[in-house]
């Protein structure tokens, strides 16, 4: 990895009030290099990224672009000088077209600031062609799927022909195929001498695509070396420390499986169909098993489980809960008969971000915490404390607004909300997206525990690694149909990929 | 980009209403009435356009009415007390109005006040200033003196299209200058919003401020300009109204804010920003006008009129919502 | 011919008040006939405007544009209807100006297009409505203004005296206060001309008749009884020495009465209102409100209507008027002593 | 107040306190007024302030919930008017007091529920729905009662509602305090409070957690209408008349201003009855001060604008 340093951070640090979130840190991005940046949530990755993009100014230290000092806290300047970023959460304007979003704030203009539409469109098309992407430039971003939106964000960055590209969790919510697609794009960029910082919780990706890796922990860099010199276990250990690491790995694939359950299934779906979404879907989930429903993004898994939960309509088919036919017309009804649903997008559908941990934890079970007209404060408090310890939610302060928690802890709160319901059937949609490896391990543990107490668990996941880790049985969904159901113990990832008919990852 | 959000519903509704009145109300579809409609509502439409700028930025401008009164009174004093030449009075009034808008923007940008509160405060303050500088109070005689400066009164002129085109057979309504002015502003604003970078920045700021900021858009500048435009529009409207009335009163533009907001929202400008057009509010305004004129000519009692006006408002919004829901059927309430 | 010009004999002796009212209606008749007597040469050339329904085709349309729904215009409207109901061919409607000049102007336009024969108008502003009035005149429509004159020449103006009435109130009030003391004015917000006329009249009146009566507070109470209560209660906390209150309309005066009652100041506070609506008169009879300026608003409406009928009869094209009939309604300052004189039929 | 806060800290409301600029501004304002006009501090005047804000206060308390859900209710003015009118007319018609009151309140509730229904179930924009309702209700009221003032005679019990007083405080003030306390309690100690917060924060999440979001929203508007009606009854009793023309244009702005001044975002989300009450008191004190100092209307308005902007703006700057 020879080449000149495109972007250099020297002794960058960030202090908020009393807490130091980033200790003086050096970081270098060299042309034609993909640098992995890994670490648990709260390790300081995001802060470092924000400083490098100019979103925030460092408390100390400075940034050099091509060897020249760049003034801190100036997103525009960083952009102009070819440092672009793809943030984990969408930074698109939903109401505007793809074209407008790609060139937001820097459309080529004539006199009077009139935009040169034709030129703009040509540029965009050239861009699409160069990176082998196809997007409807006039489509509204709000109408695009998450993947597509990510692509728009990448294009947005590419449109600057950025020399340095910072990617924060670019593959969150992406399916295997899309990840592969993204990676090939990245390879292309690398070939063109672009320097890339690649932040991800999914180590396999890091090992697949990165040349060098920077491991962060508690706000400082603990390792910075070519990826070749490291292995997965070592990296995890660097990230989360010995104990957790062993736990996270140890429980991986070889984890105990319950025997294939028999008798009346907890959940039985027969021939569920909804025009344009899913067709003739039949599924069984037994008490004490974890069924993973995997597939490409867009295979309508979320729509399916929402329909089961009563958050989406379906045209035909039957649902039975322990042999009793049910049809939920609202989530309320589903919850009443003991079905829980951990939604995919915790920010949009899951949490009340400005409410406290306690308030979120009892949101689905409020009915149980009333004494006459009043809220039974003590009981709520007790439950909150119980769940906070059980799920090891950090910080263990039930008064804290959820917005202030890390992604992993937010996800745990969301999970806790539904565990408190002690549902007969718990549905989870992408339960560990954007969750760091430590929290992931804990969530897996919780799911297994729930399963072992006889809960039926239905997990929708695109992360095959995850599927292989927690599933007892795996159902593969393609274009709205369940094409195959497998016992995990007899399954290899490649089989799943083949089932999905996706390009080999 | 607007069509996709079911705002095309409005023109349909407008035309239907209009057609209805033409059909059932005697003397509604006369040249004279159309003329009155144009003259009576063009200036309100201009205010509504201004208001839309504020709303597009996730804000609201409650002070438009007060700004109108301010601009009107400035022109009044400048002409009748200071005896300035008309073009100066007009310019002065516009400058004051625009500055009033800028002040709103400053309060919102630098004091980080909620637009509602900021403009509510200035609503009171500007009205107070109007009372303070009112020539009608300072110089008793003036309350019964009409403005006569051609530059101001000249704004209330009509162009007899019929005559110029030589069409005598059918009565063609004369087009009021105010209406033409409105059209000009409408075109300007549409171009500004659709095909200039500033316009795009504008939608970006309203749609997703964070993204706009990270894309290096100067939010403060956008907001300031937005409210400045709102003020400017109020100023133009005020002058047109003053020309129509040949005077200005302390109560000028009372309650205009609600009319403007209603017109904007009916016109499809989304209250939480980032979505809407300029022609929407204009059509919305004239819908209100058509209803008032229609019901009046229909001889509906004033009280029933109020009821029906409310009903029509509801119908208009329900209709567009209905068209929308047929496009994208939300099986669940969208998060607020 | 200006009936009852600015120096209308004031004060009105109680007895002659009703005689005078009668006299005026008579003279009004004379006036209208006089118009007929001197038709304008051009009127022939002007001819009957097409809109004008006087030629017997279709009903005769008349409309009243008020400033906003309120007791006074409501009473006018009653008076107008009384007169018009005997004339089956006339069609009358009451319109709401929503207290907005621009709305009144739009309504004028609508009526003009409709071919209304006569428009009764209570202008919010004298100047602002002038252009519309001229437009109406060009269309051959007679406009009769109520209460607030317009700067444009028009058919007739029937006014309850604001300026002189308020002056007179000041005089009587001063007497009741023994020529000295402190007065608070419960005022309306600026923007409507009545407000200025009444306030100025009152202040001038005090200057003229009772220089020792001081206006110590002048606060806006938005025409509203509730606001008047709040405002006066507050003022009294700061100015316990207050001995007089002038409410620019009766509602505000009655609000003052409510406060006086509550604080047991009924005897001490001299409270005057303006307009003379029936609640006010009743309150005077109960010895609470000291007095108010009473105008027979029904009568005012009737006058307007009778003038309208003459005009609409068509012999007199609106364009024919060189001069404008100007009728200043007689009024009394109703106090305990004379309030009984006002018959129930005259209370509105 | 702190007592209440601590009470609900027991189970963890995301910490919401009466901090911020408003309380300070209120104190500063009060002190300034007291210095300029000692009478301001007189018991009579302080009670006067409470009495003057009672009506707006009652409406603002309920409006807080509505605004927290990201909505707004512009129709309170006419509802206030018509409710008073109905009460008065039915008393004239010989109805017993409870019946009259019930009619008035039910009417308010009905209008509110209608608003809520259109907004929650048809998902129409609140501002337009309630604006339409504003003119519909006003029009209907005028149809029924015309613009005339309908007096109340010989109804001591009815008059007591607005003019009577209990242990030194006007009954209307007790009503205000009652409503405020009840809603404060509801917000802090009952599931409703949590539900409203959830609705404002993330309606979809609340729905997915099995809450009846639309129904709740509808009832919140109902509550708003109910409170407007209560205010209407009180006013009718205070002015001994009912009229469809009361609750003039601007009433709704006063109410909303108080709520927003209390720090509730019009975009919905966090809000607090307690802070709203503070906002109400602030505006009330401001008006009272202007009157007691006999400030001319023009200066009055200017000062009002400047003070409001300053009070909140400076608070923002400190952050």
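We call the chains A, B, C and D, going by the order they appear; numbering starts again at 1 in every chain.
Convention: a contact is a pair of C-beta atoms (placed from the backbone, for glycine too) under 8 Å apart; a residue touches a chain by one contact, two chains touch by 3 or more.
Predicted model only: the values in this text are computed from it and were never measured.
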item: Neighbouring chains shared between subunit A and subunit C, ordered by label; value: B, D
item: Pair of chains with maximal C-beta contact number; value: B-D
item: Chain at maximum distance from subunit D, centres defined as averaged CA atoms; value: A
item: Centre-of-Cα separation between subunit D and subunit B, whole angstrom; value: 30
item: Between subunit D and subunit C, distance of the C-alpha-averaged centres to the nearest whole Å; value: 36
item: Between subunit B and subunit C, centroid-to-centroid distance (C-alpha), Å; value: 34
item: Cα-centroid distance, subunit A relative to subunit B, in whole angstrom; value: 45
item: Contacts with 2+ other chains: residues of subunit C; value: 69, 189-190
item: Subunit D: positions in contact with at least two other chains; value: 142, 202, 204-205, 207-208, 297, 300
item: In subunit B, residues with contacts to at least two other chains; value: 131, 254-255, 302-303, 305-306, 332, 335
item: Arrangement of touching chains [line / ring / star / complete / other]; value: other
item: Touching pairs - complete list by chain label; value: A-B, A-D, B-C, B-D, C-D
item: Touch list for subunit D against partner subunit C, complex; value: 37, 39-40, 42, 44-45, 48, 51-52, 55, 142, 146-149, 151, 163, 235, 238-241, 244-246, 248, 287-288, 291-294, 296-297, 300
item: Residue numbers on subunit B that touch subunit C, as the complex places them; value: 26-27, 30, 32-33, 35-36, 39-41, 43-44, 131, 134, 136-137, 140, 143-146, 156, 241, 244-247, 249-252, 254-255, 289, 292-293, 296-297, 299, 301-303, 305-306
item: Subunit B to subunit D touching residues, read off their complex; value: 58, 60, 62, 107, 111-114, 116-118, 120-132, 254-255, 258, 261-262, 265-266, 271-272, 302-311, 313-314, 317-318, 321, 325, 332-336
item: Touch list for subunit D against partner subunit A, complex; value: 7-15, 189-191, 194-195, 197-198, 201-202, 204-212, 269-270
item: Interface residues, subunit A side, partner subunit B - complex; value: 53, 55, 75-76, 79-80, 85, 87, 91-97, 100, 104-107, 109, 112-115, 117, 140, 143, 311-313, 348-349
